[in-house]
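You will see two complexes here that share subunit A, one where it goes with subunit B and one where it goes with subunit C.
And then the complex of A and B:
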């Protein structure tokens, strides 16, 4: 008996892709011994960005909800880790477990006002929620106020351990995105995105699906925030709760390809590694190139680099087969 | 596989649908007013009536998309008037919408799978069976956004069927279809009905109602004004007055003055090719229009009718060939410059600006610096053709009914005092009595000496006013000349779908 790799309409089934993602993650984890401090640091940051980008992608690309409130969840996760570690003495597993939980709970709480909103209003609502959280933390002395917080170094994992944890988180995030792309859950979520009323008319509980996407996004973002806290050790609300996380996640998804699994991976590589890291010494150039890239992509590949690349590869394959 | 499996998961007889005193108010407007009927299991009922009579609202109430203000809906002993759309679907009632609204980013397969619910091999077989029944098996990997109208209609039906309904609500599924496509959809609905699935049909296309249903109810202003068999309804005097009009009678379109076709034509297309990317829409089309003449352009969906309209108006650039208007070659001119020379285009879908008033919509088509007196005169000219518009000159475009919006769109084309008007699908989705009014307006336009090109699916209305007719088949002119022979449906069928090169007829 042959095991079907694809559904009758030609889409991949779930398990081949999940197996591939697991294999890639194992490979990345195995490489940790061969990497120096600099590489470990860069890769950890990149993997954290990848988690944020995939979380954003699940919500926007598959759920159709564009969020500018990434910092509320990522920052929430970071503050959760730092507060728990410094005040209760909780260890790594507990703090890193609490971060996604807090993200999910924050999403659940915010869903009450926000999921009533549609389109641009949802986006503005998420931005308002994120900015409100930042303003509150600035004035919350217990959480360090404007000075910020630091995680006790003694209880923090070392660089290689953080990298391994980031590998695990990224595997989770890419796996979740892949699951969203190829499962029945994701199919129904995309149906709600394309036409909420028609989906309800076919028996899909639309609110539940949008909520599920929002909570999943919140949990993954919270996890990424927790890891970022352990990597940065000390942080302040200006950066950790600022709009930068949202803009980066959005940028990475748009550059790579919103609504695809590989798109955010490509986008994270291009935006973080090529632009931020390679051009680190030339701040002005980096900004100009980033702006230019975005304009070019929005103009010539509005669906992102990855869909463009797969389409070209597809045409090339067909041509090669014809000539062969 | 048995057909029962496709449509009726459990194979039991469909339950009875009982509606009592159903009323829906939107603010001060009563859209559905005290409507009641019984639909015994497995029977078919048609709901007809003019635009804005509340038919679509009634279906939405039955489907749970709206909650009624009062009244009850009972299906198989279950009360559904407070149920959500989801619960109604679960109870076995499915709605296919008037305008297909697929999940554009999903494949055909996925679109159907959404409603099928469960997973596993049995569900996949069910999905495959529904897709095959609706004739979409070759397209199931395609994304819904790449489908054409007929396939979208099929998908809309397939999606409704995917939920294994025991009563299916169809909102104008035949709108926009003609000829063979229409027959195909009717046959599909008949097969659904034959499996014992209940059917509630809202429809303007008379043939669909005649051939499919047991009973008809006629609505006007939210109320039921007549009820009976299709034959009784067709003979009912009230119904003729509010809905059917006299369009059902074949008209003797004897014109007092036959068109004087002397001198050069006003519009002449020669060897026009038009394509969208790699897809050709028009191939070597020749067309001539003389002043004061009504020319009908007919053809199946996708035959290139609207492309021809766009080639005339300049909305699309032609690939090769020439477009001459009056004495000049206008092939290279963009649409706005052709409009200034006197070609007005009234595009399909009305395109009324919903936030602007009727008068503002009309004034948009006039030059900025026109003296106020002249503007008033032009408006009066339009109101003379469409007195109904004068009464609601201050109303917002979005608040007009479909027929009124179409009048406004035609009025906007006329206000620039064109020499040629291109009317694209003006009767789409309108009640017969409203279409009568529009076609009377065409007569009035012609009597002013303006040439009219009518692009239509509604063959009989169109032929009744046309001086000459062109039929397009896959981008090629398959007939040009006297409209009279086209009243023969067999000839028309052959011209719509036959192989064009061999059968091309000349005037």
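And then the complex of A and C:
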């Protein structure tokens, strides 16, 4: 008996990919016991970046909306977790549930001024939202002002638990991107991205699909922010609400390949290695390198390195078969 | 007291108008959101600092050199990098100009560090009395310069052959190309003028306040808010929107304290987008 991997009309079914993602996640989670403190820390950070990158990818790659407001959602999630944990004594499940909820609500609120207009306004508007939140928190004494906040250590998960949670979040994010890539939802979203009038003419409620992508992105980013808060324990608005999260999410997606599921994973590995191990401590140099990388990729490989690599491998395979 | 605040706000609006005109021009003609506009502004101020420090040139000459250099840089960037991307779709140039802004602020931070730098002149600290009200000389000079530039730009766009070509390229680049307008060169020229204006605004900011490698983003947002207020590609509308923003921001800073200066810009931006998505004065290319 053959396993039905494709639907009768020839499309791939969703479950084999989702099963693969879940298996990978289970493998990563099972490895937590064998990892030291340093590895756990690095991997958790990387997984959080992966969540942010995939959230950005769903919105930009499949929805065609470029966001520069990742820090508004990630930072919002982090502040939500820290404020809830220190003022209400709420436990891990409640705070980590509230963070994505806050992200989704923020996206919903921002969609009122931003989603009715051209995509350009969306980009600038998300940047404005991120800067507005940062400017507000700097003046907001309840949230620590410019000093920042900390999560009570007694109620925070330890390194290994944070790592497991990050594995879960990354699974969720990659799964969501995979679902967006291969489901009807994603197909319609791409139709809205490529030709809004045609999609509307075929009966796709364009604004609602964009809104769905934006809310999904906001929720995932908020979740990542909550995890980052538990990992960093103490943070200040300069870093947590600064442009770094947006730059990295954008860079990871653009480098790896926007609008593919594997692209952001590859991009996260490449960019994280490049920026944290090679350029750690050289902030100005890493800014220049990030900028150069963006310009070069957009100019010479606008699809990103993952689609480029798969295409190259495909041609190579065909040639080898021919010569064999 | 409050009359002086309003007058200073109006004059500060001139500075904002100067910051926004280039962005509005590029947005209106090239349909390109130039994320590097703020970085170009900051770069202009730092170039002037670099030239005055390295050569015996007086500040006005050094400033003119910086503006010309920025214009040349803008021309090359548009001609050899951005136009090819524009043809392929809107998101490429947006990401690329964002990359350019990162490069610029990184380079500036490498050379000058991340502390704010101001351009030292007597103009920066001088104050005048206009109609019995105290105003900052730097604001008044910026306002006058911005007014002259806005009117000159408006007249060029509406009354000259070059302006007609620019408007044609903005309305329909393919047809403009067919009737013999060199759209690529025109795009590069528009981007060069926009970059030069950004650098000039940066000079004025450097004299009136100070610039740091990170301040590009905040000026990009100010310029963007002004463009949204004034209507895209509408030069005189941009100037009017800038004055409104200057007044609102100055009043808010006087009322609530300086920490809320930037927040006001962002909130105004959202309110206008939600309520008046076409801006206060509508969209038209002059």
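Here is the rule we go by: the second predicted complex is superposed on the first by the 290 of 324 C-alpha atoms of A that agree within 3 Å, B and C clash if a C-alpha of one lies under 4 Å from a C-alpha of the other, contacts with A are read in each partner's own complex, and residues count from 1 in each chain.
Keep in mind that, in the parts below, a contact is a pair of C-beta atoms (placed from the backbone, for glycine too) under 8 Å apart; a residue touches a chain by one contact, two chains touch by 3 or more.
Since the model is a prediction, treat every value here as computed from it, not as a measurement.
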{"item": "Touched partner set for A:191, first subunit B, second subunit C, both or neither", "value": "first"}
{"item": "First, second, both or neither for A:121, with subunit B first and subunit C second", "value": "second"}
{"item": "Subunit B versus subunit C as contact partner of A:302, first or second or both or neither", "value": "second"}
{"item": "Of subunit B and subunit C, the chain that contacts the larger number of subunit A residues", "value": "C"}
{"item": "Partner chain in contact with A:210 - subunit B first, subunit C second, else both or neither", "value": "neither"}
{"item": "Which superposed partner A:201 touches (first subunit B, second subunit C, both, neither)", "value": "first"}
{"item": "Touching residues on subunit A, where the partner in the complex is subunit B", "value": "7-11, 184, 187-188, 190-191, 193-195, 197-205, 259"}
{"item": "Touch list for subunit A against partner subunit C, complex", "value": "60, 64, 66, 68, 112-114, 116-117, 119-121, 123-125, 127-129, 131-132, 135-136, 138-139, 243, 247, 250, 254, 283-295, 298-299, 302"}
{"item": "Of all residues in subunit B, those that touch subunit A in their complex", "value": "63-65, 84-86, 89-90, 94-95, 97, 101-111, 113-115, 117, 119, 124, 127-128, 140-141, 159, 162-163"}
{"item": "Touching residues on subunit C, where the partner in the complex is subunit A", "value": "27, 33, 35, 81, 84-85, 88, 90-92, 94-96, 98-107, 109-110, 114, 213, 217-218, 220-221, 224-225, 228, 259-260, 262-263, 266-267, 269-271, 273-274, 277"}
